[in-house]
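Presented sequentially are two complexes of chain A, the first with chain B as partner and the second with chain C.
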Partner chain A sequence: MNTIILSLLTLGSLGLIFGLVLAYASKKFAVQIYPRIEKVAGLLPGANCGACGFPNCQAAAAALIEGKTEADSCVLIEEEALRDITKIIGQKGRLRRLKEKKVARLICQGGKDQTEEKYIYQGVKDCRVADLLFGGEKACPYGCLGLGTCVQECPFGAITLDENNLPVIDEDKCTGCGKCVQVCPKEVLTLIPKSKKVWVACGSRAKGAQVKKVCQVGCIGCGLCVKACKVSAIILENNLVRIDYQKCTNCGDCVEVCPTKAIAICL
Partner chain B sequence: MELFLIFIGAVLVNNFVFARFLGICPYLGVSRKSETALGMGMAVIFVMTLASLVTNCIYTYILVPLNLIFLKYVAFILVIASLVQFVETFLKKVSPALYQALGIYLPLITTNCAILGLALLNVIKGYALLKSLAFGLGAGIGFTLALVIMAEIRERLEFADIPEPLKGFPITLIIAGLLAIAFMGFSGLVKM
Partner chain C sequence: MKILTFPGGVHSPTSKEVTRDKKIEPAKIPERVIIPLLQHTGAPCEALVSKGDGVSVGQKIGEAKAFVSSSVHATISGEVTEIKPLPYPLGSETASVVIQSDGKDEWLESGESIDWKALSPEEIREIIREAGIVGLGGAAFPTHVKLSPPKGKKINAYILNGAECEPYLTCDYRLMVEKPKEILEGFRILMAAVGVKNGYIGIEDNKPEAISIMEKELKSQSDIQMEVLKTKYPQGGEKQLIKAILRREVPSGGLPFDVGVLVSNVGTAFSCWEAVVLGKPLVERVITVAGSGIKEPKNLRVRIGTPISDIIKECGGFNGQPGKIIIGGPMMGLAQWTSDVPVIKGTSGILVFPQEEVLEEISLPCIKCGNCVDSCPVNLMPTLIESYAEKGRLKEAESLGALDCIECGVCSYVCPSKRPLVQMIKYAKFEIARNNKGK
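For the complex of A and B:
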């Protein structure tokens, strides 16, 4: 009987002491959680994509409360959530128009059927690794390596590789966070406004003849599209054409005249 | 000198992970990134050292005089749980990033058999206060060493060309086994 009472007392008092110490510690090291941060974090998309420059949505919410950033720095946010967040933060009259949504586009069409190879690459399936070996196996130094590093990087599963070893971007899933753009060693991915349907799908700044030698679908810098464009939105520089999206009207004339089909259109 | 021998013995010879096979769950769970592995290791060192100090005091000054040795399991778990809770509160305040990275493995230190094993080994070996402190510190550092080595290897494995069926945990377990064999090389270093 004595043993039972003794053990009860011992463990009980031990528990009490530890409990008191912990209670003191939790007071001393208390982390203040503002309920507003939780609320704002709940309204943010929660994808933790990092496009706003903060590691996750929680951190972005904290920065929003402190006024260090604007809610429209989020690439995913819907108009309604933006309004609610502005209401919570209390930035009256500071509600801005949503930034134009962007989408990632591939500026290369040279899959394995259209391009020549320098050598046969059998290493690790990662574009960044392949790029270290003389810029990858493609004869065109500007072309997509097609090993799918962007596919793995995309947090939204918007990129897949087709049978031609080129990444295909699902426009509905792509949020324009820009992670694939950052990770691509060849810089063949870029963000363009979602409303613009025409883009130059070649990044080769080599001369026309050189492009012809290594790729069937590269921009040879002929300038036919420059003449065809009614609003003069196309500029030819460094053997490559570029579209000025301020002027582009999505008419698609340039796509029709392009002899190598290096200007892509998505309808 | 004997303290030093106990310390070295716990770090290298009788490493908790490689020789006693204690604490395998966090060993495999948190060894994905060397940064988090180091953080986890620090937390374990802290908990192990303090736990061996407190459990030793409680055992010698409370349980033995009151003839309540059979309570040691419950009492030790109580101590460890409180310590882990303390570390958790502390980390949440000091380093929220590490707190998030450790995630579920932090509260799991409570049920980490390495720590209860340490407290019980202290009792079994009859270590006095200083010796048990050296043993606890050594065990913690040994655990951290194992964890960090593993994390560094696994970080390099990310880019290695591993056969499909071995990807992920199989290769990790093979490496753990090889490391354990490598650590057997220390077995003649200290005779304890």
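For the complex of A and C:
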């Protein structure tokens, strides 16, 4: 009987002592939380993509409160959340129009079936490493190497490699943060406005004959699309065409005339 | 005699038997040469000729404008047919001068042979600079730059590198056996150019013939000392050589002159002899053509700019289906994607391996055995640097000394999991250098 009481007493008093210490510590060493930062952080997407220039959403929220940045610097934010955030931080006059959403597009269609290879690459499966060895195994010096460095880099899982070893971008998941664009050694990824459905899917600045030799789907700089475009939104420079998105109307005429199908469209 | 060495390294098979006893033969003078304007470490030189110009052998066709750069010379006589970017062994493409031979092999008049002992160090350096001499061991660092260490760095020892630790290669060995007098005189010229009194020559103990020939030549002369080195890779790395012979350690981020030493390859010494004594610029070099994918392995004296396809043809062609063509040694050399690339100043060998011998290794996770750490000749932790490089944490990779890596490839060679260690460290070095440049 005695043992039971003794142990109850010991454990009970130990519990009491620890409880008191913890209660004291929680007062004494309390971490100050700014409720407004917490609220704003809750409204931010929470993807920690870093596209705003801050390491994560928490840091971006703190910067917002301190007035160091603006809510529309977030590439992912929805209109409603933006409005709520502006209410909290009191930037009434600074509620801006949402930036046009962008999406990453692949400017190469030369998968392993369409583009010649100059050697068999057996090294590290990372485009940045492969690029150091004579610019990668693709015979086209501008082509996608298809080792999936962008797939690994994408924080939203929006990129997958297809059976042709080309990255496929899921438009719904892509937030336009631009991480894949930064990481790609061949610069075959670019951000274009989400509302624009037509893009030149080739980055080769080589002459037409050279392109033809190594790739079936490259831009040969023939200029047919330039003529076909009714709003003259297509410019031919350095053997490659480029679309001026201020003018483009998504009509798709250029896609139809392109002899090598180097202009892509997604509807 | 005491056999010297450095800590770390590997005892890989040397595979030198095939070409060890093959005399250096002069290769056929090529029909067409491709001379890249960038063959060395440093800035590319500027073309002095234009399309259609006639050139003779030894005529300077590329001028080194920057300090760390080296001139290039025509290596056959004929007509310049093209100047455009073409594939070269070290990267994708670089501006190159193409010369079509006229079949005459006319040399530029060379001056009378001079007594170099009467020359001042500046004059020697100037001759070496004009002759376009670079380190022929592989890195191709301009020799005149090496011979001009920054003020305040006192040089008190010069090492002649005859280690030739890369497997298969025997070009330096053959040169030491066939031209010992010229090499030693060239070495004395190099020593005079920096005013060094102490010379050392380091040779691995698997080349007894070269050692005895050099010893005979050096008898009764005390300015140059013969040192026998253990056969171990990478014994011929300059920092490893300094450690083995002088017991000095080049500090992290430093160069040999930081410990008062310069190192040059035997091939470089021979070319210096040719330049200073015969007035002949660097237009040819000795290379080893070997590997089981080649019919008749040889040691050849070839003109710089000869396409390697010509050399392979001269060595009897491919033996079976070629799987890999490597320029340089098997450890540090670069596999090539085309046989249109030319031999350049830093090319020490061409190795061809048949398809059956080219294996694709599957890399498995690191088992933390520490083999790479034990054998790294510069005391790095390759496995950690590789992990950081893989995750893009370049700051950590740099703080672990990634930039001190000499890219010898020992870590990848010993790794039981076949991790791409040296490859990832090379990548980390490239990215770190790029980031630092941007700052």
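FYI, the second predicted complex is superposed on the first by the 235 of 267 C-alpha atoms of A that agree within 3 Å, B and C clash if a C-alpha of one lies under 4 Å from a C-alpha of the other, contacts with A are read in each partner's own complex, and residues count from 1 in each chain.
Throughout what follows, a residue touches a chain if its C-beta (ideal position, glycine included) is under 8 Å from a C-beta of that chain, and two chains touch if they have at least 3 such contacts.
Everything quoted here is computed from the prediction, not taken from an experiment.
Touch criterion met: A:Val124 reaches chain B and chain C at once. Using the contact criterion defined above for the overlaid structures, shared-chain residue A:Pro141 touches chain C, although it does not reach chain B.
After overlaying the two complexes on the shared chain, residue contacts for A:Phe18 are found with chain B alone; chain C is out of touch. Of the two partner chains placed by superposition, only chain C is touched by A:Leu132; chain B is not. Once chain A of one complex is fitted onto chain A of the other, the partner contacts of A:Ala30 are limited to chain B, with no touch recorded for chain C.
By the touch criterion stated above, A:Val168 is placed in contact with neither chain B nor chain C. In the superposition on chain A, the chain among chain B and chain C reaching more residues of chain A is B.
When both complexes are overlaid on chain A, the residue A:Leu8 reaches neither chain B nor chain C. Comparing which residues of chain A touch chain B with which touch chain C, the overlap comprises 123-124, 126, 129.
For chain C in complex with chain A, the touching residues are 87, 91-92, 334-335, 337-338, 360-361, 390, 420, 423-424, 426-427, 430-431.
The part of chain A that touches chain B in the complex is made up of residues 3, 6-7, 10-11, 14-15, 18-19, 21-22, 25-26, 29-31, 123-124, 126, 129.
Looking at the complex, you find that chain B touches chain A at residues 58, 62-63, 66-68, 71, 74-75, 78-79, 82, 85-86, 89-90, 92-94, 96, 159-161. Interface of chain A with chain C (complex): residues 118-119, 122-124, 126, 128-129, 132-135, 141.
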